[in-house]
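As written, the chain order gives the labels A, B, C, D and E, with residue 1 at the start of each chain.
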Amino acid sequence: MGLREVLTPFTVWKHVFDDPVTIKQPIGRPAAERYRGFHQNDLDTCIGCGTCEAICQNGAIDMVAVAGYDPEKGNSGLKPQIDYGRCCWCALCVDVCMTGSLTMSNEYTWVDTDPDAFRFVPGLEEPWKDDEEGYEREGKRVLSGIERIHMEEMEPEARIGNFDEIVAGYSRAEAILEADRCVECGLCVATCPAHMSIPDYIAAVRDQDYDRGLQLLYETNPFSEVCGRVCTHKCEGSCAALHEGDPIAIRWLKRHIIDEVPFDRRIELIGQPAEPTGRKVAIIGAGPAGLTAAFDLARAGHGVVVYEALAHAGGMMRYGIPEYRLPYDALDRDIGVIEAMGVEIRTNCRVGRDVTMDELRRDHDAVVLTIGLHMGRSTRVPGTEGAGVEKAVDLLRRITDGEKVPLAEQIVVIGGGNVAMDIARSMARLQKAEFGKVGITLTALEDIDHFLADPEEVVESREEGVKIFDARGPQEVMRDAEGKVTGLRTWRVKSIFDAEGRFAPAYDQSDERVHAGSMVIEAIGQAADTSLLGAALTEALEWNRGRIKIDTAFRTSEPWLFAAGDAVKGPDVISAVADGHRVARTVMEKLAAREVAQ
Amino acid sequence: MRDIHALLKQRHRLGPLEPRKGGLAFVTVPRENLRGLLLELRDTHGFTHLVLLTAVDWMEDGLFQLTYMLNNRGRDLTLGIRVMIDREEAQGDTIHDMWPTAATYQRELKEMFGIDFPGSPRLDEEFILEGWTDLPPYRRDFDSLAYSQQTYAERPGRVTHDPREYMKSKLYPDGV
Amino acid sequence: MFSFKPDRSQYPAPGPDGKLQIDLETGKYLKLWQGPNHPGITGNMSVELTVCGDEVVEGKTHVGYLHRGFEKLMERRTFIQVFPIVCRVCVPEPDFNEYCYAAAVEDLAGIEAPEYAQWMRTLILEMGRFNSYMMFLGGIGGALGLGITGQWMTYVRDLMLDRFEELTGARIYHMFILPGGVRGHLPEGFEGRMEEVLDTAERYLADIDRVMFSNSVFKTRTKGVGVIDPALFEPYGVTGPNARAGGVAKDLRKDSPYLVYDQLDFEVATATDSDIFARATVRRADVQTSIDLIRQILKKMPKTGPAMAKIPNVLHWKIPRGETYIKGECSRGEYGYYLVTDGTGYPRRINVRGPSYTHAMALLEHLIPGTNISDVAALMVSLHTYPPEIER
Amino acid sequence: MSETNKAKLTGKATVREIFETATEFEKVAHRFYTELIPNVSKDIRWLVEELAEEELEHVELFTNLSKNPEVDAIMAAEIARPVADGKFSDCVHTPDLGPNPDDQAVLQYALMRESAAMDQYTELAQSTPAGPLKDAFVFLANEETKHKAELEKIYYETVHSGGV
Amino acid sequence: MKDVDDKFLKNLDRTVPLREELRPRKVTTPDGQEIEIEPLKDYFCEAAPKVHAKSYFPIVEDFYNWARANSLWILGFGTGCGAIEMRPLMTPRFDAYRYGIQWRPTPRQSNLLMISGYLSVKTLKRAIRAYEQMQGPKYVVGLGSCTINGGMYWDSYNTIKRLDQYLPVDLYIAGCMPRPEALLAGFMELKKLIKAGKCEGANKYAENFATYKANQKSVIKDWDMPDYNW
């Protein structure tokens, strides 16, 4: 030990005149810009999906109801309440948030004598509510997938000219990847008219437990194979994932489950119907509503006869939806399961012609009317009377029946709904086969943003060579001297809806156009053909703006008659299925009540 | 690693070598072969560093897996040696004579899993827990949350709602 | 010069059960608890000393005061939910837990973190190492009554915490290294502010050299005290700076390069005496290495790039059955995570291998007999042990 | 509205007289729809009933207005908000009502009537010098346009977007 | 989170026997005498704590409170993670000393016990002893989520969930862990409370002594101390 070692430490005395490093005002010193401080939530963006609650490893988050926020489509109305007696500020809730509404401020001081005070709903009234700084996740969500797994489809060149199914369906690996994206919030269930257990069957896909998946499907929907292809999938419009990416392909996953379970196994899985009750129910119309009701009633042991005017069961699913969207064998399998439950379907049996309503009423304990909308509307502009002008629903029916339908090299379609797309694309296929090229012009009142058709239908139609003229109001079907159709004269529609989305058309007469074509197809509204009721019953029934009046349980004003489906409610397959369940329940309640009475 | 495995296999009943990336591999041996294997690895093959000793509870199979992780520092090889022992009469062979530090691991295993290592020093002394009367907590049949809820009071008054059920109750209470 | 060299042959020997063969009631021996509430203990743990005069004849480490049952809690949490709690295993250097856990999950799930994330992780780990050494240098001075080192080093550590805060969003538990990558990118101007901190640190370290390492009192009290015989390194599982102080130039960053250490240029510091002083100087040299590494990383790391690899939806992330062990060189030695998965969404077992586990238990208990009571604190601090990683 | 109707109106000298004449027209329309009710099938009777109801409302409105001393102010306020006619005219082709018309035919007929009335009043307003009389015609044209717009909405819902 | 398994039933019957060296017994002293010892009684005082009455004159009490508020001496017992954020407070950058706050090594010199986060059962026992050894009036501050409702260790078998069941808590500071600045804000709030005479934790402890003891004993199985030990 030398003197040097004794003295050296003293050299740091030089710092004695340095400025102190002390922070003068430490209390409330601003934290870093990214600091993970107390939570903030944009309540108007928050959809109450509860993903934050699910990921919180501390069990710090509760989903609670907050005044002024009610459940609606794709929004549960619940908001996260955070317990700062649990939170660890890991911000996984922020990272996983589906909408990005949950963030953090850089506020960090909260002192209280009451331990119960540390619970709050961010976004309501906390002092740091409007803090700009604080932690937000960088970029988009990374904790759950944003991009939808691509669905393999036929190329436009390959699919035009035939009626083969376009969509390939997911492979197992693809389905698992897509199912993996689901966060199981369940917001979609309320939106689905049939309230299918969507998160549960997606979980079944993930677990590769297709048996369970199929059972889940059949609990709420006997037309899962149909819906897996052509459902309007409103559920996907309320999917939490759509806020920062693509919604989960719920429809394709449903189809995937069905694709993975062989037909025989299906019947095995859903099990045998209950013991026969001896009760009989007649159902008029073998469409989705009627057959769903038939399925439910048959499973409960009731005898069900379905009367169908056309040659095959399926209703609009068969006669309205073209084969390239819904192959007939897929539909046949769904109907096959229903028939396996003991449902008798009498095809080519038109009520009012082959059997009367009175007979049905006499021979059955209840009659359910599910006749759909099979009558096409006409614009009735000048020139629509006569040859060369057809209605879409009629043509689609004839195509399904394999009839030869009138065809022209250049066809003008009026309408912007799914039926218009269906007929345009069907005719395009026939044209391709007949003439080798497509010549379809589609005019619609609505502008492209307000089309009633699904966006993908519009895209695919265009891919297939359909020329779409949106916002054109039909004025006249032009005919030449011999009365042959030469085209459609239209005016431009400047705007079609007012600010509230109500119909308020404004035409621009100066922008007139003639769409050439030797055939015009009207694909606008549809109506129910209620002539089968007969004059007396029509007079006896209560009506509601052109439709048979029903109550919430689908009872008509006649105690023995029930009505459901498009004819009374609409507008799609899955709604018809939901109606079918509901009407079946009402019928069963009535039958049970009679049982008790006797 | 494969060379050592091939060499050892002649004298010990080794399972197949399960290599992972970065000089790491796992191998299973029967309990009676363990000490001999460890000795040989330590003295002949340079696996002188006992990285860790721990157990995995395979409750469904009625087994405990003891994992002895040895490291050869010179060649940067790590070998995880698995010994499966019966869960009901959980007993292992002490190796504190080879690595004194193993006594600590064995004390922990005794306390946390209830695995006995006869001959290991201070085995029955309390290590981490104090006054513990329940099942050894790392056993999988010990439910931490249930124990916690039965023993310690939580702050009451919290309620949560499942979004799906909540929407059902508000939008379609009768199910349709 | 005073030298404390007791005659060990006079001590009672422990019996086969490990218990000391002494009769406390003879009055010759006294039990003395150092900790858990004691300024001369590292964290919340205690050493039960049996003393004879001011000479310690036996020391037993008692831990468990911080036991939260992490390994049990991890088994109850999904793979993403484990992420927030791993860092709590070690308070002063939490990032190693995050890295080891993330790397273990990535290994078993077959995910590769992007390059940017690898660099960022390295940066975070070096910043954490720097902080840990600041704690050490402050602590070792404090244990010997040299209060100023603690004051200075805590200040410098706090400057680094400010950098941590702006980078990761938190001061202590950064929770920045997610399985799959890291949570974000460097904030703007970070390099400049970091350079300021490193400059300040170097200035303070130069003062530490003068006030501590050149201090005759410090040298006298640490040189030749608490010597670990290098022969004990293997049996007692001594790793890291504690082993390097005894001439074993082993450093996992060099020997088994992980992250981007193979692209960085650094030397492994060693010493020969294996005493408290040597352990302190090795760490002093390591701080400088960390400072250099941080500078190198900031210079070499890519400016942009994805921070996260694509990972499955974390809410139902299942990992196939398997087991792995991920290790790294933390400021105290070999830190490792042993992860066993069983194909479900929850880990089957996670075992944390903290270097303090061997250093503070078997090794410390071996070293204590024969020391002076006043040296116990310094000895314990010199091993650089953090109790939470012992009991978890 | 025929030329005779137009002639009836052109001769009127006071606002009150104009309203009384307009009321007469509405009464005629109301009678027409009321008589049509039994002729249509029950499922579309709601439509004809609604039309009759609307005409009756107009009758009441005009009657009340013609008695109201504030009529000028009310009219001025109303015509300050001109109602644009969107000329959604693909439906305004006089249909052949026949003995048992369907809903579309009834709607088309009603639209045609409202459209004609609207044109009539507009024309009269244009040919009348500024003053209370012109205001009265503008007001009436506005009323008919509003009514027509309402009908157009029903038409669109029934014919165009009905069904799918 | 996994749900609670109903099948799991806690083993409630077993109690931990008192350790050998704490049992009453006969020993021989170094000078050869045989004496009876009862360690638990010999080592500790058994008198229960008493409620400390306020001064009759409010102005005197106010003065006391002012004095108490301005000398917060904290027991330097780092019970959990939060302790690491107290270190900056003891050093120049945040310098809590300027507010009359300092850290003391022994309970006998302290009047503020900071429970820095979670408490394992083993530490709870020491914390209770430390608290009971402190001189009144004394205060307890709970740091972070863990002291409020269990924090991230809400399902741990070894940590308590609510500190207020075992010790009278005067103030909580939210955070995991709270920053030094938040701690300072907490101290300032505590000072305000003390000055207003609202920090009656020690008296609360004396008044509800039986309840606190029952709660403490329900989790500390290894109860090798008398009910009150100071």
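Simple rule for what comes next: a residue touches a chain if its C-beta (ideal position, glycine included) is under 8 Å from a C-beta of that chain, and two chains touch if they have at least 3 such contacts.
Fair warning: this is a prediction, and the values are worked out from it, not measured in the lab.
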Shared chain contacts [chain A and chain C, defined touch]: B, E
Most central chain, judged by mean C-alpha position against the global CA mean: A
Distance from chain D to chain B - Cα centre to Cα centre, in angstrom: 88
Intercentroid distance (Cα basis), chain C paired with chain B, Å: 23
Centre distance in Å when chain A and chain E are each reduced to the mean of their C-alpha atoms: 59
Chain centre separation (chain A, chain D; CA means) in Å: 41
Residue numbers of chain B (touch at least two other chains): 129-130, 137, 142, 144-145, 155
Residues of chain C whose C-beta touches two or more other chains: 64, 67, 69, 72-73, 76-77, 84-85, 155, 173
Interface hub residues of chain E, defined as touching at least two other chains: 1-2, 92-94, 122, 148-150, 152, 154-159, 162, 176, 179
Contact pairs between chains, per stated definition: A-B, A-C, A-D, A-E, B-C, B-E, C-E
Touch list for chain A against partner chain E, complex: 20-23, 26-29, 31, 38, 57-60, 83-89, 108-115, 118
Interfacial residue positions of chain C with respect to chain A in the complex: 1, 77-78, 80-85, 148, 155, 162, 165-170, 173, 175, 180, 183-185, 187, 207, 210-212, 214-216, 219-220, 307-308, 310-316
Chain E-touching residues of chain C, taken from the complex the two chains share: 25-28, 36-39, 43-44, 64-69, 72-73, 76-77, 84-85, 88, 91-92, 150-151, 154-155, 158, 171-173, 346, 388
Residues of chain B defined as touching chain E within the complex: 129-135, 137, 141-155
Interface residues, chain D side, partner chain A - complex: 41-47, 84, 86-91, 93, 95, 103-104, 108, 149, 152-153, 156-164
